[in-house]
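Heads up, the next two complexes both have subunit A, just with different partners, subunit B and then subunit C.
== the complex of A and B ==
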């Protein structure tokens, strides 16, 4: 163990120190902090030393000349996260044959840092920076970091879903045990639904994960989420696309949400993600994974990839005062639209004429509920029956966002209206559990 | 007590029986049902006798020739709910001076019946039919039923909010202690927000109430909701617009939601309504009302009515793949738009150009979160800062639907952009608790 800095500026102790070294900071007012040293990027501000605490949280400690820093163990092998990562043409399978996990990065908070000039958060640029955020990433086994995209998730477009799906499939082909996709949380659920429809017969888990706070902030949830996601990707017998995020206030409890059933339900809480219309697909609590009985196990056969989609569709939320001309214009030129109607799936009857015209032109019009839970049902109210007669397809308990994503894939695969309708009403990836009968109940 | 029907067709026992009479049906297979007799309308189907059970639920019992019906007590005063209600030119204040409550009906499930030809639900047509659904409505004191509209709530338009607000104000002027508004649940929350902005300094509660199942169905929640709403309107020291609905599985527990904070979060559950971003404003449990400390008491001064609104605005939910041209077209010709962005209030930066143009033209562009909980904040990510610079107004923790309704009233009252912006960022009716600072935090 290196000795504390006696007399010299304590910051000299960490100059050039490899990331991943264990450090203790003792301040002159009696506090002490032990954790893993994180390299400071240029904008961290002067005299701030960043540590990852054993809890997974990062802190920044301002170190004055009267404080002391002790190096508890030096990460001296040169392969620490502060060093440039080795070039990897081969999958990083350890000599002990341990399975490897791929970490696909797409940008987003989980791979972002605070820009101290503006106070905003910007995506990290490369693998080295990502590894510097998460020095313990390979604790359980090898992780191959594969940058795929570099953008905040509000910028993710349907074409990006194809790119990510392609890369996930390629990674499994190369022998990954499981794949973690680090993604901004804003549109994480849309991408999770997209991967659910693009990838079938998965040989291992595809775990989407994000962070609600950036990794260089004290309260970041990125490290613990990523650790948990990597653990699940490495160990679970699961052939599904899931979202993994903190489940509640506990630092060691995570929920796994089915990719077609999940929605971001809070703008800032770290347990913002919730499964709709049922319990989560699984839980990881104190490293123990529990999966629900209907979780799909890893598939033995080859993975099927079908990322074809047609983005010529949209999602329209009804509200009182929405004029039919405005709605018709919004749908103009598209091959399909998902309506987020009220209650059991209603819009004002003023909209019936344009819906009839659109359906007659071959436009797919699907109905979901803006309540976000429960099912639509066209047989309870006269309005529902009229919409059904106008040609609207009622999509059971499918989330509006999932229905929109599914429609894009349906349009990419099917030219005929009846095939498309059959696809939309068939459960492909757990997205639709309840479907109204095609005829009214007697 | 009348004796059971021996030998004769048991249905003869209830022919012409006044609604509100107490009846027991015993079927030949040993079951028995006791409850309040409800008159059958012509479409109930042959041999169906409808009873309201002590639990408040309605049932329809098929009575065969071998079954028996006993009349336990006959509602013989001719003023029962099956009879035509007395003409009321004066408020129905009892001789004991008990306060009276107004029940404004607007249509919706709570005032609807099943059309047995189609299986659908259609609005009731008049006061007599509504009273026939709810024979115990005046148990605690006089109730004056005032039909205002007759439509399912997906047909309610902003102009109807003005009509309802006018009628609520008039009813208070006439001396009502409180006002209950029976409304379809689909857009109940939008109307609740509208009344919250149109009516200020309320001398008593305005309680919006609905039913998730029609009153002639066995599982109807209309009777118990209406009874609870009437109780609150009659007794509470509350000068707010609230939504009252079942809180959970208990038959005797109801939640009161602030009109600007409530959302229908399930398509069919009777506890579908939930307060967002906090606990409910109050609870009615076993007839005991508890209100939160920030509930506004009844105002002493005169009620202020300002129902002016301009419907030239819309609500647009962002999703990946939403093209800027489509969004721009959607907003074309409007004076304002509320965006339901992702996370902390983001849309793809592809939308910046049309937003800048719209704001320059004087269009109000407000930002809310499609997460539906938590606040928007433009200072965390670069995207938020750019949207803020483009002229977007960040609306804190206001619900998207509430922000849209508020914008219509704002446009009706203010011509200048700065006055409108001030109104949107000022808490008027509990709709905005958190508002980001106007400058970035240091």
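== the complex of A and C ==
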């Protein structure tokens, strides 16, 4: 047992002390606290030492220079609170002749756990840790877990879409019946759109799935979403990229959204994902899958992969007060821009000059609506007609995010402005709907 | 015997982690269906209590109401900890001379019985090392916590539990005492004092279910048992005493098992459905027709130990049944209670033979719709029987309305606590603590002394008023000019006495109604003896209070009128008086009281009647 030494700051005693060591703090005003030493919290105040008391409660004790800390026992193996989890011995290899599905992990909440040191959520370390979150994953058949990335979704970049698309294609070549991609929800819809454009003639479903609650919580939606996603990947006659998440707030019903028409509509609800401008592609309720009539069945193959893209484009949200000089500066150097305009697809007429110049330079300028639903239409108001004349391409009911992703692939594939324009205006992955029924069937 | 208390008091400060009101609601807006899964804490270990609930694999239905939002539905992260609730907890900590922590960390306590949508209860340790003096004794208060209340149970069905979300998130102050309580009456007294102290903050919710107690009880050689969620303070004493008896009995059973050399029962559960064909009555009738099966387990060495020392007493058989029930069976039959329940001597003998049970062996029998359920139930029985050879197993128990308790789940450990990472740690500032210490409410002991002196009331009467949460009304009514002694009696005794035996719910007199009654009393419309009767009528019949006052015949009666009534009565009963003389007084008094009860003082009525009677007897003359 170590004891405080004279004249030394008691905080020195715990510097470098392994988490899980037993300590006792005695303050100069007569208080004493005994417990398990914890690493300090990133939002803790100065001179706060964190302890876990025998009751299980964590507390923070402010340790002044006159206080004392005694180390009762030093944790040698580092397996105390906050240490790394025990690794699972052998990861399951799921192809014993039965059809198998692949679970590609990219990071995100669904494959994250709480970091008790920082208090934040961090991505899972490896396959073993992911399987430890979801012990029932293989209930219906083999699942092969393939770690692809280890990233929260706000860190995902277009180059990662290529990596994921490559891995999906490879997995199908290896014989997977379907592929589940576990992904952070923040940019899940972007990745879904990207995979929709990169992968054609899919021999089985590609199901993107996420969680709005981390799997260390008993109430996490990750487990039921993942269960539903693997079920769809294993059984559905579906050759599309879809997003599967809770349909409502209950753990009993899941919606399938086409990868090019889905948006995260809420920052925290389980049913945050919604198909825009129409009903969802399908739903899974009580293990019963229903797909809408226009769902594309599995292709006989071969799968076509074209992951080429050029990231030199952007998405610009118009707002009152956005000056043309600033917009022009922002767009400078890009090969294309998607405008999220107001209403039917407008920006202030002050922007017409830079748009004309950009289009003349060969920059693609596409128009979408920042309204949460609906199409753009250049013919209703004068501004629209002027924008059209200035060379803006009106993109129908395509979501701004989808249009942006599609533009990147278009720029990767086509050198000529007219070919690119043709590609942008063609419905290649269900991203454009020409008919909007009065009451979308549910 | 040693006992400790955990008092949980709801606050009316609004909910702990959102801006919803801390009020219950009867307006159900919709329903959400969920399941929960066990997860480990910082060191990945899964708590036994958590694993137990997970095994049950229940579905939970939540009713959303006007008193909850996305936070309660687990659809939005918790907001910052309610500063008013924290200030109230720190106030209580100061009243209990406890030391607030420098930095408060909100924890998640895993609870997957579904009562929290998140699967955990948020709780924070606020202060430690407090003390409380009650009845000349000092009790330690090791911990004061602030936590969120759970959703309230709205129903239970096959494999599912229904909860309403309105109560979820209401702040609770939890005050734990050390295990220094030595008896049931003492436990109640400490609980009442803590209740009065909490109410002195004026920030607590009032009424049934707004304060709940957990009792931790152990007898020498026994184990700590937690009886969770006692709502009726008056039953605390019973729970403590019953638990003492239960543990003492179980320890005696252990001694006997040890003497017999009995250990963990190791035989396999055996199907006995075929031995029960043709049972004509009782719970085992028509098993096959119902598609049910019966299984039995032999408990070697347990013969005669499943029934208690006395018929109503605690017994091991009931413990085994409680455990079996957690696997989904309705209950069990054991050999110590047979023959009975439709099983005759002969059939019992056959069962005994089939199970190869000797004279010192016991056996239990369960029925279920499915084999695995029956077998699982007997496995739980086996575990509980094995525990009986060691003594009193530590566990959490549910209080029952009759003062007994029932096994609910294993005692949770520290493995179920881990940090609530969505809420940053909270620093308690010296200025805030200074402000709180500078404006502390009057503690109950000081209030008692002040009220007793000021209104010339007995300290015990004031204590009673504090327990009944009636001090505010007392002061308000005295302030409006009613005599202190009458008001104190009304609130401390008469209300309680009047409601005795009345069905619930009944009308609870409002302040206005009580004041109307007091005003009538002050004006001499009736005597104070009539007060309980009037209150009872008001509780039975409900408002308006005027109807009760006039309906009782409480029109004023002067001394002169009373004298006339007495004379008339004596006149009407001349022959009775002639016959019985002085002995006629008693029946006449009864008649007269029926007529004037509550309008004149009883002593005065007796006096007036006495005079009238004397006059009559004198006028009749000797021998008349």
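Keep this in mind: the second predicted complex is superposed on the first by the 337 of 442 C-alpha atoms of A that agree within 3 Å, B and C clash if a C-alpha of one lies under 4 Å from a C-alpha of the other, contacts with A are read in each partner's own complex, and residues count from 1 in each chain.
Please note the rule applied: a contact is a pair of C-beta atoms (placed from the backbone, for glycine too) under 8 Å apart; a residue touches a chain by one contact, two chains touch by 3 or more.
Since we're looking at a predicted model, the values are computed, not measured.
Subunit A has more of its residues touched by B than by the other of subunit B and subunit C. Judged by the touch definition given at the top, the superposed model places A:250 against subunit C, while subunit B stays out of reach. Touch criterion met: A:268 reaches subunit B and subunit C at once. Judged by the touch definition given at the top, the superposed model places A:401 against subunit B, while subunit C stays out of reach. Judged by the touch definition given at the top, the superposed model places A:344 against subunit B, while subunit C stays out of reach.
In the superposed pair of complexes, A:369 makes contact with subunit B only, with no contact to subunit C.
With both structures placed on the common chain, the touch criterion links A:379 to subunit B but leaves subunit C unconnected. Once chain A of one complex is fitted onto chain A of the other, the partner contacts of A:48 are limited to subunit C, with no touch recorded for subunit B. Judged by the touch definition given at the top, the superposed model places A:360 against neither subunit B nor subunit C. Under the contact criterion defined above, the residues of subunit A that touch both subunit B in one complex and subunit C in the other are 115, 119-121, 268-269. By the touch criterion given at the top, residues 115, 118-122, 152-158, 185-187, 190-191, 264-269, 272, 311, 313-322, 326, 329-330, 340-349, 369, 371-377, 379-385, 401, 404, 408, 440-441 of subunit B touch subunit A in their complex.
Listing the residues of subunit A that touch subunit C in their complex gives 31, 33, 41, 43-45, 48, 50, 52-62, 79-83, 85-86, 114-116, 119-121, 212-213, 215-220, 223-224, 248-252, 268-270. Per the touch definition, subunit C reaches subunit A in the complex via residues 31-44, 70, 73-77, 99, 101-105, 107, 109-110, 112, 117-120, 123-125, 128-129, 143, 145, 413-419, 421, 424-425, 427.
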